[in-house]
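For reference, chains read A, B, C, D, E and F in written order, and residue numbers begin at 1 within each chain.
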């Protein structure tokens, strides 16, 4: 166990003691987000991008596009691929190497929020049915890690998609300098993540709170619907708790959507 | 979820495979089917064929991953190459890694891992034939295999999915419903405490629909739980008669 | 060394002591197979499949097919690819990860038995010469391991191929729900594996016997010919021994073929 | 280097982006931008956006790589997938491995590694947006991040490239110049001793042209060095004012 | 084996390359050709060019693979990228892994590994040019390299293949015969005991034909063995004369 | 640390002591190469090849070719790919596995010398613009390692390219047995590597000298120009030193070129 891991364990214990008294380390309310800052188009050379700070957590999302053949069962639809890299620059807890389960889970949960909300009109990404479609590649790059990568990454993702443009495509070639319009993005799905620490439910856990938590629930919503959920951690939720958190997610989601 | 099609998935209150909205597919569970594994389970759930095997508690390797307070629980969800139409390349893909992670977390809630510090428990699930709902089938089988291995458990984990097709909330989606439906909610529940230990959702649900789906899945899990218990009883009877 | 490996070593020593007295742990004769059970079509959704129990050893073979371009030097022939996975569920001795030498050897020896017997008529798997041919993918999935994977796997393999059907192929698409006939399989190559323990030669070694053996010989035969052989282990055989085992393999092969 | 084109890269003594032959692109440097890293630096250099972070000295893992006489310095040059036009696949490619190797060697000259035996210092550089000259931008940022981490250093490493376009030796090639130019010479220099700690070259240069290019790069490095120092000063001021 | 063709591989009792059925291709063996390896051998066999090098006995790494009773023998059969018509991608493929496994097993029979517990012996064979029969050429060279390294051996391993073309049993298939022939039987034999330590076969042989092929290969191995011995003698003479 | 690594460290210290007295272990002058032997066409079946001995260092270079699609930005040009394998047969210091940084650096520096000298006329390797071009694959295979792989490998590389022939290409197929001419190679770029040991600069370092050196400079030249350079090691050079070594590289380059 590294020094960092030991230190984190101690912090996790402290988080639990505080939570039992209804408190959080940074004095936030249980249903309060840390300060959020969204900087769209942070990487202007990329087709779409955004830089999000959520407290000390910092994530960049970038959009790349390529032309490829569609899946046989959806010959007239573009595709989406979401990747997440926990660059070791972001935390002493990350190591180089292939994506670990946590990074894979992050990419898949962000992907699900985007995909299932049907915010991207994939049919408009068809170039020639059965032959050529736009493949949207969404990459999440964590550069400073202090917990709640789900919410920060999904915010960065949707923000990047909202400012993404499609390059021109002519005679089988991509002309990156020119654009053929914006990526067709219609909704703003956002994800809200809650930690359960003992019996306490708290929004937007920090790294220390994630360490101390028993379980985690992420709820992705659009204005009207839940579009994705993911429970994590070795603890559990009652159905009442889940429904209460869904309720909160709808409320907090509205505030998040205003940042976009 | 949500591939477009003109297929009507519900006609006259019945689903394409003849089931009512709140009806499970056929489920068969058999415990103790492998010789090497410490515990095992073979489960058929509709067209799913799933084999779970448990090894442990045993020495934790590599050692630096061991935990001084409890056993480490490893879960490996693995699809056999021939389990799906397009051959699955051997080895873990991103989907398998995610399913393995959340399934391990679900089981950690029930297995008394703190009784076996410094050791590990390996749970392997092989998907031999896949037809929608494999993660729930796998976790249900794994729970039986853990009990068959004699590992002390607080409760049994029972996993069932509900979803939405043609605007109706239904139980236990089959393959067509999974492809063309509107939502899927895999859940795992503990029977005695009612705790939810696995929960995912994708698609489009209102809060009301979620409530309906979750309630339906929890209700159905009781039937699955009976089959889990019966499988373990049969195993002990068989052993006794030998 | 794990506990399992130490236990196995002890069993291997015991096997050697018994063999020196002309005995086997399970009281079998030296030329006797353990009970064999073949369940064809065990995975009905697969194009072909079979489940084989050989004593406590359990193996599933499954057949998948895809359409691909032929090799340049055989433009009018389908192809065969054989893989073997030692799933860790099958034994405390197996680990996850890329196929180890033993799994590769197994896949290649089973493949050779099938391929060299010319039981599959690859010319009938040609769709358009030089462009599209059927690629047969045969996968061996070991789920319980108690020795002699060669014979159990090759039995499962040929049984799966015998019940395999070719899906329909129309307008460049595979229609899995319909069939365009059975895979053209004409012969029943079977493999017989013998262990040499000290001076004793024994058919169908268990895991403990494999542990205790000096060398191993696998002979794949059709009714009339030897189609593949493979010696393993750090021991040796005399030419007389090899010829004697080939003789036995022809005899035992007949019995195995009846199970198909 | 050396892709053919009819583009005239210098017209009337000015380059396509309006620069004179010996003019640098705009450079902005900010130290101490990350919370977790022990030292960090964000640097913009023309269209390049580069982030450097330093961890250490810390326990050397795996242990068998540790050195009883000094700290091991690891350098990881990594391009973000979205940093280039065609998405960069995550993970080190051959180019990144080479750049990481020679950049580590350059920094080994200045960091007093012998003060921290048995430990390691990790230097991570993320290329967020790439536009020619990333290895120099990365190394320049890394040097600031090391100083920001408080690691004792003999000198600062400052990297600048010179090259040749349209037969003229120029400073700090931009993307078009890199693609269609005739030579590129990335260099890293220590300000106090004048030592060259990184040197690569590719293209076509006479000895005279090399002399001209090297001299030009060394001269320009002084300006960059001033920006490095200023960034560190600003950081301390900021800290002080908090 | 068994690619179809109209090529007649035997005409008037002679093979396409002029050889008689029981005739070997030209073989040249030279021991002690490398400076770093503890023992080495360069062997040309028809169009095959093979280099074998031996390191050891040396410390077994990683340690947990060491054996308290004997040295571990590692064998790495490796094809150089340019050894075949279509560039071979570097790194072990499945064929190389299988050949390495059975070749190691063949050598374990003769090297007195029990004299060097806890150590390992690395045998590396590089196929520089391949033209049918590389595994036999490699193993024959490896055996000489082991002897050149001074490792105590019970016997020399000599490998030769026989096969069947146009219905006739012949020795030592060349490339065309390997592609269009009917069977191939690579064997490795110990000269003093007559033991068979490597045996593979693929194609189509009756029992009688196998007997004929095996006898032919064993007979021919005596000639190869003489060349192995001569190479080692030459090496010692050379050393003596230095 | 292995025995070999410890021994090498001792040798490195000795090299430094000698250098301080102006001496080298093998009594060479500071600007002297070890004996060099170039054997072109060593692998006659390959399209091009060469075997180079530089003292005890031995390297084989081989050329393979395939037909592929060109890069989008150079649709009428063939391509070059250079690989280097440090086969473990070459040294107790090498291990099997994927190429380590040193092997990658070697391949890239040799590649750069060849590529930047424009010795290969890539336009002549175009078969059909935008569709099919020759891909030249140059592989370096180190078989005995005693230092200075840069110079030995680049010599082997250019020698192999000089004797390489292009196979015939007809109807979309490569006919290896026939040739359609020699690879268009016009110049002879060569690389000279110098080690700096303390204050001493020495040409063509042995393995022990590489171990003892502070820094290394490789200069690739054609008759008139520098075409590539690479500094390595944790030491440094003054600009004067660099310019002096470039001067030497031009002189020594002439001698090397005569060996080709």
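Throughout what follows, contacts are C-beta pairs under 8 Å (C-beta built on N, C-alpha and C of every residue); 3 or more make two chains touch, one makes a residue touch a chain.
As the structure is a computational prediction, the values presented were derived from the model and not from experiment.
In summary, no chain was found to touch both chain B and chain F. Steps from chain A to chain F, minimised over paths through touching chains, total 2.
Least step count on the touch graph, chain D to chain E: 2. With centres computed as the average of Cα coordinates, no chain lies farther from chain C than D.
Its interface matching that of B-C in over half of the contact pairs by residue number, A-D stands out among D-F, A-B or A-D. Centroid distances built from C-alpha atoms place A farthest away from chain E. Separation between the centroids of chain C and chain E, computed from CA atoms only, is 26 Å. Per-chain CA centroids place chain A at a distance of 47 Å from chain C.
Put simply, the C-alpha centre of chain C and that of chain D have 57 angstrom between them. The mean-CA centres of chain B and chain E are about 51 angstrom from one another, to the nearest whole unit. Shown for chain A are the residues that touch two or more other chains, namely 99.
Shared contact sites, meaning residues of chain D that touch two or more other chains, are absent. Chain-to-chain contact here is organised cyclically: the chains close a single ring, every chain touching exactly two others.
By the touch criterion the chains form one closed ring, and its order from chain A via chain D is A, D, F, E, C, B. Those residues of chain B whose C-beta lies close enough to touch chain A in the complex are 1-3, 64, 94-95, 97-98, 100-102, 105, 108-109, 185, 190, 193-207, 210-211, 214-215, 218. Residue ranges of chain B in contact with chain C, taken from their complex: 34-37, 40, 47, 49, 51-53, 55, 58-59, 61, 76, 78, 80-83, 85-87, 90-92, 122, 124-126, 128-131. Here chain F touches chain D in the complex through residues 73-74, 99, 101-102, 104-105, 107-108, 112, 115-118, 217, 224-239, 242-243, 246-247, 250, going by the rule given at the top. Listed in rising order, the residues of chain A touching chain D in the complex are 2-3, 42-46, 49, 56, 58, 60, 62-64, 66, 83, 85, 87-92, 96, 98-99, 137, 139, 141, 143-146, 176.
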